[in-house]
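Each of the two complexes below includes subunit A, the first together with subunit B, the second together with subunit C.
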Partner chain A sequence: MGNDSNRVTRRVFGAGVVATSLAGVAPSFAQGTPKRGGTLVATWGGGEPQACYVPAGGGSSPTFSSSKLFERLGSRTMEGKFQGELAESWKPAADFKSYTLKIRKGVKFHDGKDMTVDDVVYSVSEIWKKYAAASALTDFAGITAPDVDTVVMTFNTPIPEFFFSSLLCGNVNYIVPKHVYAGSDPVTNPANNAPIGTGPWKFKEWVRGSHFEYVKNDAYWRKDLPYMDRLIIRYVRDPAGRAAAMEAGDIHIGVFNPVAPPDIKRLTGTGKFVATPKGYEESVWSTTLECNMRNPVFAKREVRQAMFHAIDRNFLAKTIYYGYARPGTSPIYSPNKEFYTTDTFSTAFDPKKSAALLDAAGYPKKADGKRFAVNLLAAGWFTENGKIGAYVKQALEDVGVAVNLSVPDRPTSIKRIYTDYDFDMAISNQANPSEPVPSTTQYFTTDGIKKGVPFRNASGYSNPEVDALVEKIKVETDPAKRKALVFQFEKIITIEAPLLPMLELESITVASTKVQNHSNDPNYLAATWYDIWLAS
Partner chain B sequence: MQRFEFIGRFARNRGALIGAVLILVVALMALLAPLFFPVDPLRIVGQPELWPGEDADFPLGTDSLGRDMLSMIVHGARATLLIGLFASAVATVIGVGVGATAGYFGGWIDEIAMRAAELFQTIPNLIFVLTIVVILGSTLTNIVIAIGIVSWTPIARMTRAEFLSLRDREFVQACRAMGMGDLKIIVAEILPNALPPVIVLSSLVVAGAILFESAVSFLGLGDPNVASWGRLVGDGRQLIRSSWYICAIPGVAIMITVLCLNLIGDGLNDALNPKLRDR
Partner chain C sequence: MAGELASPAAPPRITRGSSRRVAALRLLRRRLIQAVPLMLGVVVINFVLIQLAPGSFLELMTAENQVSDPATIALLRTTYGLDDPVWLQLVKYIWALMRFDFGFSYRQNIPVIDAISVHLPATLLLMISSITLALAVGVAAGVVASMKVRTFWDTLVSVAAMFFFAAPSFWLGIMLIVLFSVKLGWLPVGGMATIGGTSSGAGGVLDILHHLILPTLALGLFYAAIYARVMRSSMLEVAQLDFVRTARAKGLSRNQVTISHVLRNALLPVVTILGVQMGTVLAGSVVIESVFSWPGVGSLLFDSVSSRNYPVVLGIMVLGSLVVIAANIAVDLIYMWLDPRIEIR
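Coming up: the complex of A and B.
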């Protein structure tokens, strides 16, 4: 593994950031009692959502805004343990084809109605199955409520416990009020823009183009929480504007890279802010490079490997991400405690090997010094992607591949990569939780090739061996055996290289040192923030 | 003789002279770029974010990726000037064509042409350019076409006005009486007389085109395979608080060039406008 030494330094670097942030927080923790009342203003490193809540997910923005109002059945701790939220506990049947869940009692929706098992049954069968978790619930058979506090979910095949628990924590796998959604089209229900949930925060107002205002839910089931009276989610279009607003004290916390990397150091340097990479363990972002298998040039896997060998991922991590990234070594990312392995095929930077592989594959340099030409598309939704495109163009040209780079805007990029397949190589991004099925696997399986569905298998890679392996991973209920199968999957994918993460990105939360109890959930952007408070 | 008079009148405007000299320097820079910097300007050659003067190899420093700023500025002059000239040429050809036809024939042709021009004028220019570039794709040719399409209307109106005042003059009537065809009258007789103010306007369109291209590139919609000044400003925007020179250097280059082109426009106006001859 050529990247191992570097991995250590990246980790150490990350740890350094955490350490400074904790040092900044520590005195406030020592003060003990959380302060009650006040208004917290939060933002994130993106724009306003299309709706406050989108049943199918709709990306990070609506997930961020809706997750403060709705709750899930379960959540994961920073240590990786699953814990109950609206469900108190769950356990599988002996054959793993059904799960029994105990539902929390005494929980009320924001409109004063009780949350019951009917709401759970409705949410799972009508919202999860059809929208929120449609690709994960392919083998879902049904859900019943035998009891006032019990529901039973049944499946056509055995379902591994880790998969099931992860499902309960899924980004937008919320329990929504049946009395609001039943009989309507959930996608267009007006309540999506003024959601009624069970969460610690109640929707008050959405001033479009500016902010959401949420107020404390006095009837929240966690007694005496939340601490604060109001939560404002403000949207600022420009990273520099966010940095200025934070410095002015107008915004207290920004999740998911609110400011440009050079500004992170500047802000933390004042001693008034902390920056931490914690809180993204269940939503690790990567920058990927994929080869379009529809182009016969990429038929041989050696050619695809050669593309990756030509690229210096350490350079990208250091220069373009200012160290807030590390080279990717596997389709499963390194913070994944359950399934990450270093026993993968390495396509580390080695231009000589790249050239040799291309020669051997039947693409020697022609008279003009070029082997073949490719259209490289860098998805323009992150500025960094365009810069990576510029570097990848140069790196590939160094091994004799002529590159025409384009950096289209977000809608055009999505259309060209995931609908028209109009690219030879594409630079895109994905964010995955620990459970590899289906979010990671659908980039590689044949059933993941879904024309027009963004963030699926766009390379067109189809391999019966991989398909069969993923089917086994889906139904293997023995954790150790399942782990071994996922390791095997990682090895095959890194050898085949239809799409690989070039970089794992370190997402950063920047917060004022006054903000307490933050970054304490492995998917903090999508957490409910019930325990956050602001020191004076 | 006449030519010297023209140059003399042009040079009497000191600003225009300075502008012309500076533009000449920029043009030379653009022409000789491959001689001084044979390597692709978009190549990463050094450490990222070296300040100007920090390293003798890179007198103007390096950008966020480690590309040589000086090389990008010099090569950028090429892209920027070419875009300006070609966009202006596109706008002038469309503008003169439409304006001459409308002005010469009048009537319903004039009505249609001018309504069309108004339609174009009511659409905010930058938004229109961005729309065309997004639809056609971000390549150099498409950007040139897009800028040409939004910039032709003032030229068309100016040409039409000149044609309206010239089409009934005696010399034109004489040509008609001799049986000369419409096309020949337009191209050979009226156009040369209508051209001076149009040339002034075209020189200003060059400046406008450079600003349009900068704005398009600044917003990240420029051709990523070409080093242009606007793109450099856009790339440096994120770093404006820490490494402001990445924005400032190409920004100054754009400012100087556009200013010089405007000065040249003034000088041309002085030189070509007979009424100002004896000022």
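Coming up: the complex of A and C.
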């Protein structure tokens, strides 16, 4: 590993966002003949989930624990290609208003019952539509099963193929057993704490406060897989404790920033561990700064741009994220090969320009050197947000803006940002997939303003031009034309600046050199680890 | 509760045999009666404090489940009784508690008592082992220091006590892990048992004890340091009293005097502190559980506060208070046993 592999960004406490896909880097960490048997002990950089499986996602933690037990219809390769999982293939109708999927045969649930098209129909209509992918399935018309291995999903509008394929790869867009969930409230179904899926691992035990124990699914549809007999997901709250457990050989692999940056250097320095940023291409995290349009000061575009010009994001990337972050230039992030463009409006660090914009907007410095005061809220779910808040406070005060900084905990942050809109500026985070609709666009469209729903349009930004553009993106089935529309969207948003994509963050996996075939899925959360193995 | 002595003005009431048992029962009855308003206070204060905290479990739950439909949210509010005024919610909660119903954890989808009972044994085990260690090490060190005043051993005890008193328990825990788990490989890094190992019989017990050593040291040595200091000064103070001089004059050996007369009386302040510190031991276990991934109530409490899982937070507070109250009653009874002259009011 090079130096880049020895850095880490942040600790993670799951803020749930549906992630689909980003094209990736070539896989690695696979060598030699796979060794069968043994137990892999894994951990991650967050806490224990509230349930092993949450139909709506419920944040990153239950997604990580459930993704080893359930499977999706499709997935993406590290090269960015879509591939079938429980669906063998899919193709659109000529008008793109329906898609026909061939469902894989010979797949069994962990309780021995066959997975059938009825399970697919139930999962899409009752779980995806109502919970897992509700915001993406607004134009969903229905699903039918014309024969034993085919389902047809129909929509009210044309659906672009990239959008549809991404939908099949959605983090928790699983196929769940109808015979377990039908007739029950999926949210409170006891099976959520002992899931029955089709994945390579079968649930065995949850020792609350300690670990999940999964065992090999002997009837897995991928022949002779998984290689290992047992998978343990351990929850260690303290990053130093995780580092010690890894060093002592108790934990083989930790994903999503499991240990602090100095420990990464120490662990990799022993030669017994590797650290890699691979495996996060489909779920790039960012730190954002959004302005609350309900405050008349921020209704002026010049003021919003001025705020962003006052912030040195390179400084933040180097000092707070140890270099494992980069300034964002667009609401679509740079690893997104399909839709990222550099042809955007730049709000680079320029305090003089910031001051000039504020003067021009009618907010000159008063006798006390202040122009106006703002309440800056740094969401407390990442410790780094508080540090960024402290810097932003200083940076804005340098251009004459008085800042009242608060760093509330997660529930309070969610309530103040997304329910009460009790902020002038908010430092928050997103994890966006490559398909921009609705994950990215809902931060900017009028229909994204949903009081009480987090990770939507909290700024109150409403622009008919953007709304109309997003409606076009939703239904444009020509890939080239759709890409051009997304580029246009990116340009408008960076000029309008309701939300600054302040930093793109890089996540890290730390693994023992014995662990093979890890980090070979661009979506670490949804990876099933069917082919992971442990060398002698 | 512990250590509320009879008025110094009143002569100590000497109780013997069955009358001591009667006194103990009287004390037990009195403490249990006092516990009722105490528990009520704990419930009311915690309930009100939780209500004052911004955000609610419903908001977090709907947020995590991406529920935005106002009708659905209103239905959930009604389902969870959040439509009721706060005072009515409190009354309903107290009424349920009186029927030993601690409520339902909607976040985990299990009854609160089930959620807590999974974790409580681990915390109690850690508390008991830590207190036992603290008492054994602290009392022994204090006795040695008092018998070897101004010698190397006295200095050693003082320095060690100062170190363990000053060292933050989470730091000490990490250092112990680095030394005994990472470097020497003698003890496990964390957890309560070997995953996939023997969980029953003597093997299971030994496995748990193996995992218990480091967290017990990390939590218990702080209290051992306190007890050592208190015990040393208490021993020196008691050794100056007339009855000790009388015992020596009677020809008892130094060890007999120390163990039979000085030690027993010198223990009283330690027992007093023990009762007072039960609550802090419980609180301290929250930190230690985090460092050692010990699956106790501490981690559950942390998660529950973070997720505004109020029923579980309240349940832990109530059960924690019960544990502290029970421990204090036990301390009062020990107090009576140690010094029969004392009747605790």
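In this section, the second predicted complex is superposed on the first by the 505 of 536 C-alpha atoms of A that agree within 3 Å, B and C clash if a C-alpha of one lies under 4 Å from a C-alpha of the other, contacts with A are read in each partner's own complex, and residues count from 1 in each chain.
FYI, a residue touches a chain if its C-beta (ideal position, glycine included) is under 8 Å from a C-beta of that chain, and two chains touch if they have at least 3 such contacts.
Just so it is clear, the model here is predicted, and its values are computed rather than measured.
Enquirer: For A:F372, decide between first (touching subunit B), second (touching subunit C), both and neither.
Expert: In the superposed model, A:F372 contacts neither subunit B nor subunit C.
Enquirer: If we overlay the two complexes on their shared chain A, which of subunit B and subunit C does A:F82 touch? Say first, second, both or neither.
Expert: A:F82: touches no partner chain.
Enquirer: For A:Y235, using the defined touch cut-off, is the partner it touches subunit B, subunit C, both, or neither? Pick first, second, both or neither.
Expert: In the superposed model, A:Y235 contacts subunit C only, not subunit B.
Enquirer: For A:Y421, decide between first (touching subunit B), second (touching subunit C), both and neither.
Expert: Neither subunit B nor subunit C is touched by A:Y421.
Enquirer: Which holds for A:F345: it touches subunit B only (first), subunit C only (second), both, or neither?
Expert: A:F345 contacts neither subunit B nor subunit C.
Enquirer: Tell me which partner A:D263 touches in the superposition: subunit B (first), subunit C (second), both or neither.
Expert: First partner only.
Enquirer: Output check: A:G59 vs subunit B and subunit C. Expected answer is one of first, second, both, neither. What do you get?
Expert: A:G59 sits against subunit C, while subunit B stays out of touch.
Enquirer: Under the stated touch criterion, which partner chain does A:P408 make contact with: subunit B (first), subunit C (second), both, or neither?
Expert: In the superposition, A:P408 touches subunit B and subunit C alike.
Enquirer: Both subunit B and subunit C contact which residues of subunit A?
Expert: The overlap between the subunit B and subunit C interfaces on subunit A comprises residues 240, 408-409, 412.
Enquirer: What residues on subunit C touch subunit A, complex-wise?
Expert: Interface residues on the subunit C side: 53-56, 59-60, 62-68, 73, 107-110, 115, 118-119, 122, 170, 174, 177-178, 181-182, 185, 188-192, 195-196, 290-296, 299-300, 302-303, 306-308.
Enquirer: Please output the residues of subunit A touching subunit C within their complex, sorted ascending.
Expert: Interface residues on the subunit A side: 13, 16, 39, 41, 47-48, 50-51, 54-59, 131, 134-135, 187-188, 190, 192-193, 207-211, 213, 230, 232, 234-238, 240-241, 244-245, 247-248, 250, 408-412, 414-416, 418-419, 450-454.
Enquirer: Which stretch or stretches of subunit A touch subunit B in the complex?
Expert: The contact residues of subunit A facing subunit B are 239-240, 243, 260, 262-263, 266, 319-320, 378, 380, 383, 386-387, 389-391, 393-394, 404-409, 412.
Enquirer: For the complex, give me every residue of subunit B touching subunit A.
Expert: Residues of subunit B touching subunit A: 40, 42-44, 48, 64-66, 134, 137-138, 220-221, 224-225, 235, 237-243.
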